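Letters A, B, C and D mark the chains in the order given here, with residues in each chain numbered from 1 onward.
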């Protein structure tokens, strides 16, 4: 069974060579040359430095198209018209499934026809040269965003290609994304990704790593998300990563969101080794959006307001066209500018809301319960503990499609709109905390004059796209 | 000199007859028949009842076009697509200048060509029949909004035409709108309007009156706005009005805006007679908007958030096209829906921000200083006091184009973005309060490393349209 | 909550490569609460997995969910697979069954032709599907009268 | 703050039916701070009011503001009115001088042709106008060198 131990150098080299033989572009990677390339990049393209030294939240959209020239044009637009501080390159689905051959076909078709035959940028196929052309064309740092369970070749090529930030992790890019990838398998593969980032870091090129905080994007209780962020942060730290951005997806209750971001930063600093610089990223609402751009702008506005109060290091923005899928570049840029306006108007205001400390305390207690359980399950080893805890259901993620998580925990909003746990299943938690959740949900049930039931869960899932935060029973029910 | 005294019945009749002879449509007014008409309207069109019994903020846009059929179509759209709870009918500029002949020409041209040759709905020209056709077509209460110094004929016709809410007042529709109308003159004319509303009220048809709170719309310190709202509320109450909606325009600092709305309701209840039902209306940001719909949506989002926390009885919404002037009906409706989404997501959350009570206390103290000064200036008579206080500069409105106000007071934002007074001129205020403002502005000056000066005022006026709340010096200054 | 005296087994799952889990999670809860024994296959389930589970658990109904727009393709030959396995269960399908669908009657006809007994759109409440199931399985409940069935 | 030893008088106002008061309020403050004696006519001022004030106060400059897009119409014959009143002062105009203007050079030419010495757009800082005024009136200040003049 694998453990939370650093991959030895020779093992790193062995896997690296094996991995790079998986596609033709892998051969061009030369670590020493790549280090020199990163060193040649100007300060404003050094991702970790730019992010960590910012004095207010930096904004980053999502964006990826198959062709290099189109991707350059898209990112230039988002940088210039959307005023994005940090840029993304979202990878296509074939690459996420390691189907580089199919990605190649799609890319060739895109080059011939001009159509977007892939839903992202196939960085492995573009190879180091393509990646570097993109890095050089855009006057800002760029992160690789994907959703790939086995991202080893993608990491090898994009790191050498000049990208200095890489989203994902063994849990956060497994549990919400795929059904059958085993957790042990993805942990092993991400240990390599982190170890490779660590190898660059050792040489002074700090590759920023960003576990994917929103997980299933559907009413994830903050403590579950934070515990998984700490686990993935720890795994990355063990492999030598020193710049880690822990993520969190907005739930829509301002107090809970601010408390959660505070707790994320505090517990991240506490649990992760001192030599790691921990930053946070706030994802604007990842659940269902209203099928109406005007209402969607309201959701984005609430996200901007929350960011202005919580002041995370980075905000990933949504667009008013979220409902219909991939936004036009104009809509993507509009989401950035709406968020920017709200943040810039509100961030200099002192907005201290009552109850944030109490909510933060609750989130921290819950997270510590989960972390204690993980350490116990693993006899002190976080990798073993994570595997065993997911296996026993002591650790779980609601609405997880993966066979690696029970997906038996069910959340529901309380009367204030905070996400509580309605069905605990086997999640490890102090009885006192369970009682707090139960009392809060019971208060809501009283307000609504109905029993606590899965109906609340169902109603809450659709509430924001229907125009409300809490899924109250409708008048005609 | 006029005083705050109820116009006797015979005087009311005399003026009414004189006024109604000013345009052909005036002859059709029959008070008894009008009372019967109002009584025949369904409960959902009774403005005061709908507003006063609502359990959350009602939304109302601005809208007015010259032709009746177009106005019906526009309001139907805003009601159905924008989900406006209350609807407006904005009157054209000729009518505001009592130029009914020119309005008639414009209306005829509009009917012939289909062009919008007037910037609003000429209700006097449409007459009672036209007004009633509109009232009957729209399944919601409708308010008359205008900006008319002498609105006597407009009131006579729209009241008889079935409208049950009428914006404006002798100060709030004078000081910000015109240069040369004397305040004594407009007070006298609005005493008639209020007395007429009072006559309907006496018969059980409560005409809602709404003083225009935003005044010049440009960084108006809350206490100045609230004092003027109280004066206009008192003048209306004296004439028999029993449903009064006091207004306030967003300044953009959440704590100050919530505190101001709280103070407005509290002082309104306190200063106005018990028999008056006092409600409040919050105007989304009335200053300059960003020349960018996406950023404008951010401004609207902050307005919605503020409304969700302060919970006024009504919110007047802005549209993302505010910068370019009159919005399309789609943009107008979008502003409503964005506001609605933010309010509906946030209003059930308990968001108690620190410092609101202190700020409210300061606003109340300032307002009481101004009210005391008005009563002193008038030897207890609020009309005389208002006239004398404006004359002496003890009462003043910043950026007032009117000759009736000094316009010598200058506001600037403090380091938190709250509107303070930088130049007091002769405004009546306790020294202790002046010292508080001075200290807050001095703190800002320290932060910015520059002296307190009119530059702050100038920078603040443009700040929100430039994307910030506070007009900080630019890096290259 | 409707509790039945006799327990009936239903198989539930998302067909094809679709990974939308929220709908079946809630449906599973609703079915359990209504007294059914639920075998939840989860997302990305193949035709064969549905058939095997139906045989193994002697299911009386097979409920198929699809939200990513490729249901028609994923369900081609599904009823033949069930027949070969000698599955004699009711079959329901629900979700976003066609990309950019405007006319649900058309969509319903398509899936009825494929062999499904009932076809639901994505707006359908769990209660509605359960009420239909109870009727089709001749389950009498005290409360089923209260549920409006529009299928 | 720039303080001049000699005091010069300028007349300031918004011409026509325009009621935009914010700009001239701030400009008045800036001019006072820079040491000018300012006669502020306020909004909605007529050509004659400008001329009368200039005569009465022996103004060295007349500063006209217009923000509602009808400046060209409002300023027709303005310099003739000034001339008839024997006003020999500098004349500046600034603001949104044309509706939907795209080409400010064109707008500037129009107003220079009408007789204005300088024409500013609505983005002009008060400092910029004041620096130009000081140069045109040959006022030497210690700080005027620091101000960038782009007119």
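One rule holds in what follows: contacts are C-beta pairs under 8 Å (C-beta built on N, C-alpha and C of every residue); 3 or more make two chains touch, one makes a residue touch a chain.
None of the values given here were measured: they were computed from a predicted structure.
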In contact with subunit A as well as subunit C, sorted by label, we have none
What's the distance between the Cα centroids of subunit C and subunit D, rounded to whole Å? 77
Separation of the C-alpha centres, subunit B versus subunit D, in whole Å, is 33
Mind checking the centre-to-centre distance between subunit B and subunit C? Centres are C-alpha means, answer in whole Å. 56
Determine which chains touch and list them pairwise. A-B, A-C, B-D
Show which residues of subunit A lie in contact with subunit C when the two form their complex. 177-180, 216, 218, 398-401, 403, 407, 410, 423, 451, 453-455, 457-458, 461
What residues of subunit C sit close enough to touch subunit A in their complex? 1, 19-22, 25-26, 29-30, 33, 42-44, 126
Subunit B touches which residues of subunit A in the complex? 252-255, 290, 292-302, 304-305, 333-342, 344-346, 348-355, 415-417, 464, 467-470
